[in-house]
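Next up, some structures in structure tokens.
Same chain, two partners: subunit A is paired with subunit B first, then with subunit C.
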Partner chain A sequence: MLLPRFEYHQPASLDEAVEVLGQYAGEAAVLAGGTDLLVNMKHQAMAPSHLVSLAGVEGLDQASADGGRVTVGPLMSAAVLAQSEFIAANAGALALGAAVLGSPQVRTRATVGGNVCNARPAADMSVPLLALGARAVLTGPDGQRQVDLEEFFVGPGQTVRAPGELLSALEMDAPAPGTGWGYQKLGLRKALEISLVNVAAALSLEDDGKTIKAARVALGAVAPTPILAPGAAEVLVGQAAGGDVFKAAGQKAAADAKPIDDHRGSAWYRREMVAVLTARALNQAWARAQGQ
Partner chain B sequence: MAKEIIELIVNGDRYEVAVEPWRTLAEVLREDLNLTGTKIGCNQGDCGACTVLMEGRSVSSCLTLAAEAHQREIVTIEGLAQGPEDLHPLQEAFVEHGAVQCGYCTPGMILSAKHLLDHNPTPSEQEIRQGLSGNLCRCTGYSKIVEAIGAAAAKMAPAGEGE
Partner chain C sequence: MTQKFNVIGSRAPRLDAPDKATGRACYVDDIEFPHLLEGAILQSPHAHARILSIDTSAAEALPGVAAVITHRDVPDVRYGVSPARYDETIFAIDKVRYVGDEVAAVAAEDLDTAMAALELIKVEYEVLPHVLTVDEALAEGAPVIHDAFPGNICAEVHQEFGDVAAGFAESDIIRTDVFVNKRQDGAFIEPHRCVAVYDNFGQLTLTSSTQVPHYVQRTVAMVTGIDVGKVRVKKPYVGGGFGPKAEATPCDIISAFLAIKTGRPVRVAYSREQVFLHCRARHQFKHVMKTGFKKDGTIMALDHQCWLEGGAYSSFGIATVYYAGSLLAAPYKLPNMKYDGWRVYTNKPACGAQRGHGGVAARACFEQQLDLIAKQLDMDPIELRLKNIMTAGDVSCNDLAMSSLGMKECIEAVRDGSTWRDKRGRLPKGKGIGMASGFFVSGAGYPIYRSETYHCTVTIKVQEDGGTVKVLTGAAEIGQGSDTAMAMIAAEAIGIPLDRVRLVSGDTDYGVDLGAYSSRTTLMTGHATKEAGEAVKDRVLTALAEELGIERDRLDMANGLVEISGDPVDFSELRTKYIKEHRGWSDHPAGDQITFTEAARIAYLKYGTVVGTGKYKPPVLGGKFKGAAVGTSPAYGCSAQVAEVTVDLETGQVTVDSITDAHDCGKAVNLTSVEAQMEGSVSMGLGEAMFEEVKFDDQGRVLNASLGEYHIPTVLDMPQMSCIVVESGEPNGPFGAKEVGEGAIMPTIPAILNAVHDATGVTITELPITPERVLKALKEKEQEKD
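Our next item is the complex of A and B:
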């Protein structure tokens, strides 16, 4: 399996990258880690005649916090995200998802921007980002725009990103004190596996350390895109955190899920697992929110 | 289409090569530099036969464009032994523990193991297995590979660490 031929561009800045992308609009693809793109090209699923590599663009592989806002660079790899103390403290769900993506070799190269732009319904970094309430910052010829991740995903492999736009950052609000995160991934094997079901949860407690102030639960592999489970969040807020309310949230999340039958698992099984994994992810988030 | 001149630093040696942009690092290592220790199995990121270290981290060289390795430090299996009689402790342990059968997966296994031990010198059995989760072996059943890596870790650990 050889790669089809293409011309390679390595712009040195974001502006230049947007310019090159615009110049070959429709024929160019962005290259980040290549773990999706190059596989697809080898399978002849796509044959862009120009690849615009982001490797030379500075500043895209950094994370920062500023005035209540956390920014994650799209070129940060799963390996770096999984080990970053900054990410663990400010966007913990993302670190948890990154740690179980693919294999060590894939994690070295796989970027968070690629995971989001590739838009698979089970993507291990996209589902946590949805639970974190992340926004996609898109930079194109007409400047920047921000899109909530919920609206960014349109279908499997489809997003609202225009072909001339780059994902230049992921942004989210800094976590409130007393916030914790959980991530649960169920596959048929323990490694190198696209999830059968995956669930990410973010939970913030009131100052009393018990009452749930805010909650977000995101589900993967149970709809054409990663989705939020608003029903789960609704039953949680205002309640005292604990096993019973987490179980109830799991039931609501199962109702919010829209799974299908496929060769990897039945819709019925997936729905059951959404309930179980949601409760587990919430427990995990609760433990961390209490500082354990 | 124009070839690009790229510079690769492989096992400490500097190479200038003219490559077409669509060629992978695995292809260039094997075909242009004659470093055929790096194997190509699935050619799509699943099997780990093509594993090399880039800037100290394991990557699938079949999914890395050679152009993206420009001016990066690469370590291949050829870079581990100090001489024909002076194998790396991981290589020695693989031989001693019978962790090599056909040998096709071995270079990738050893580089994944090196990545693991460089980041975690005293891994548990579970951590060793996770460290190998991107490498397939169709001969050994993995047990002997896991044993070999455990033994190498014990030997390499500075006195006082590990068992």
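Our next item is the complex of A and C:
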């Protein structure tokens, strides 16, 4: 359980980081908080011979809003995201997910970029980002490209990011007025828990404060990647918000889920929980959308 | 008569607290050994396989490797815990029996090299069919794990006390219930590790993270053939044990052989994963209990069967299978009891002893059944228990004698402390309250090997030129607080303040002590410490009486001051002499009483070094039947808990909101430590109830061998606790004290189960109480209704 040997690089800019990464493409890994990477390396699950730390690159740990677009820096930690008023107002689901990730110690290290690039199906920041409609901004030797998160995740631990690319930002549309978010995590214990099922919801109301204008429901731990539940969104839009329609959305989400049996829980239970947690997340989002 | 105490019963801060709080406490890995080699063990990747060949040549050739050893390099001896089942070899010889079985070991300049060398050892295996469950192991034609045990039965017990058939004949209600727990892990913070040093005098010194220096010393002497007097085992601070460190481990034994071979200190240390592979923790038990009751709630008979999934070796298993039966004979009056138990070998890591040894799942099953019976009888579960309760002076059907038993007091304390009467049956759906009792030994009546040895010896030496004493004991402080308790007992016995006592412990050079297991230290080492303290006090006061020319029995000591009864005595000459001897010192004794320091100095001047010794071994205990030794103890602790829970009826998730906990520890030597044991027990019991399960794939590999995937409670999962300490005054305990270390875990699981039942009406008969299991039960109940 010792760390394999590697060479450590600490570039001072994004360009330099891309350059170093390109130089060792295939043999290099990006190091953010290290809470996934170093654990995997200790378990010999991966053995990159070069680590490219982002610690020296400026500006990756900021969030901003600009012309209807919200940008979240990949190096922002779960602890910062959980406490940021800006995030709570502009990407609330992310704050909710970040707040229940791991433990206080892990949250101070764990970054949102690492959470997304690590691509675990139950990741506590990835699932909310999916509900927020976030896009991954990838910077590589050939410049920048944007990928919707729905397309970004390919399988457990797998994304469309090329080895020479960096996740340089996460972007999403600024929330419409009357938007609220919910996040529900179900595990065995109250901290240090990988979810059995987690659900994030974003809900926007029409000006009447009742009718659902837009909705997105994202599910964790019920497929090889975090997934959207389009069926749930479909039954919600145009309806008056409330318990019954949220329950119906929960049923649809359960149908959209593709859980499997594993040693942590059965597919049956996970599907049941998708329905329950979806309704709860929507209720939570609704309360916030109404300004509560 | 209540005795007045000056030190006992206080909340004295723990002796180790400053070191642990500031990071100065030294554990095995904090101690530096010059020229240390790092050892590593090659473990079997197969659950069951024949070893065809082992080629270590490439590993030996790797630069930096100092030694590679296999079974060919060590004596062909069997060892284990119970001499009746020595079924382990130092390395696998002909075959491996579980994923993790030791095949070879390396010592190298650093751990990187040692690990690289392991990869160079070539072992050819012929994979054999394996068995992972009790059912598989007992099936006809199942592969045999040990040739000496065809049928894979490691140990079986068949006992009957009273007349069970007659008891059932007189019963109005007979119920049969089944209960299953899961294999647990000890989940202590510090994985096992040991550094062995073999010196030029031919002496082998082990510095080990162990609960039992004495047994490690004996086992290592036995397997190495080194005279036991030349094997010394020292235990520095230990990061927890809970049972899995109560035997010699491969870390101890293999580091010893590597040190002998290389002539250099060698460390062998487990990773967290290896802790799971070594296991020696709680077995999986399956209990079937058939119990008969009278309409008025009187318990008439118990017919009990139990199967233990044991793993590949015996470890403590023989004791475990006996405990699983014998500990049910109390604290309720149970006139007729039949027990059939089987411990079964499987191709998994060996299980052993863990807090509440053998009794925890049995207790959970029985206490849950009591609640179900109470429901059938429409009786309050607390009333049912009080109706059957034993009191001091009672003897169980299997000859366990209750010399003290505050069981009734415990039950009443949690009933009143939790305001049970206002809550039971009155809480909204989804909220529940439940209770259960517990019972445990206060030290095993007999050592693990058959012997008339003292269970502990203690020496207290009065420092020649000062008023401090030094306690030397082999007792194992593993975090439970025994150092503090022994220092307090010594202070009380001598009659001096606690800060006059220094203490060294956990070293086989300091005396015999069987170690920290079976909740024995406070009672047993406490006795020996008290006896040694009293000897010191007597010697010092005898000297003083001579000096003053008065009768010895006019003198006593308390708080470091001599008390003289009768007419005042002029001791000015004595004081002047002392002050003259200490010219220039600033702390001259003053006041109108002779101090311990002055008296101790006089004793030294008269007799030379003053030493008091103490020893303890229980009297002959228990019945004459086979296995009667297991369960006997000079005293028994007991406890009761009320749990209050909230069940999320949509997800099945259970939250334990509060636990009201009462424990009869005879007399609290240190109140804070007693409460800490109670809280720690609840945490551990809660983990077993709610989360913990070591899981395996179908090849016998552990799936969750990390504290990330194996869930123990976090601080956020702990309920609100209120601890009530009951003191029944144990006649066989030092100053009335008996156990709190293990008995306190007994009621937690059934109290939670009973509260879940109260909240939902469902009975959970398999641990852990996962949300999925609860939801399934809720759905099944709904369907039954339709």
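Details
In this section, the second predicted complex is superposed on the first by the 292 of 292 C-alpha atoms of A that agree within 3 Å, B and C clash if a C-alpha of one lies under 4 Å from a C-alpha of the other, contacts with A are read in each partner's own complex, and residues count from 1 in each chain.
Keep in mind that, in the parts below, a contact is a pair of C-beta atoms (placed from the backbone, for glycine too) under 8 Å apart; a residue touches a chain by one contact, two chains touch by 3 or more.
Computed from a predicted structure; not experimentally measured.
When the two complexes are overlaid on their common chain A, residue A:55 makes contact with subunit B while staying clear of subunit C.
When both complexes are overlaid on chain A, the residue A:186 reaches subunit C alone and has no touch with subunit B. In the superposition on chain A, A:20 contacts neither subunit B nor subunit C. In the superposition on chain A, A:273 makes contact with subunit C only, while subunit B stays out of contact range. Using the contact criterion defined above for the overlaid structures, shared-chain residue A:265 touches subunit C, although it does not reach subunit B.
More residues of subunit A are in touch with B than with the other of subunit B and subunit C. Once the two complexes are laid over each other on the shared chain, residue contacts for A:35 go to subunit B alone; subunit C is not touched. In the superposition on chain A, A:7 makes contact with subunit B only, while subunit C stays out of contact range. By the document's definition of touching, neither partner reaches A:65: not subunit B, not subunit C. Subunit A uses residues 1-2, 103, 190-192 to touch subunit B in one structure and subunit C in the other. Across the interface of their complex, subunit B is touched by residues 1-8, 10, 31, 34-35, 38-39, 42-43, 51, 53, 55, 79, 102-106, 108-109, 190-192 of subunit A.
Remark: subunit B residues 1, 4, 20-24, 43-46, 48, 51, 54, 57-60, 63-65, 67-68, 112, 115-116, 130-131, 133-135 touch subunit A in the complex. The touching residues of subunit A, when paired with subunit C in their complex, are 1-2, 103, 186, 188-194, 196, 263, 265-266, 269, 272-273, 276-277. Residues 111-112, 115, 271-273, 650-651, 653, 690-691, 695, 703-704, 708, 711, 713-714, 716-717, 768, 770-772, 775-776 of subunit C touch subunit A in their complex.
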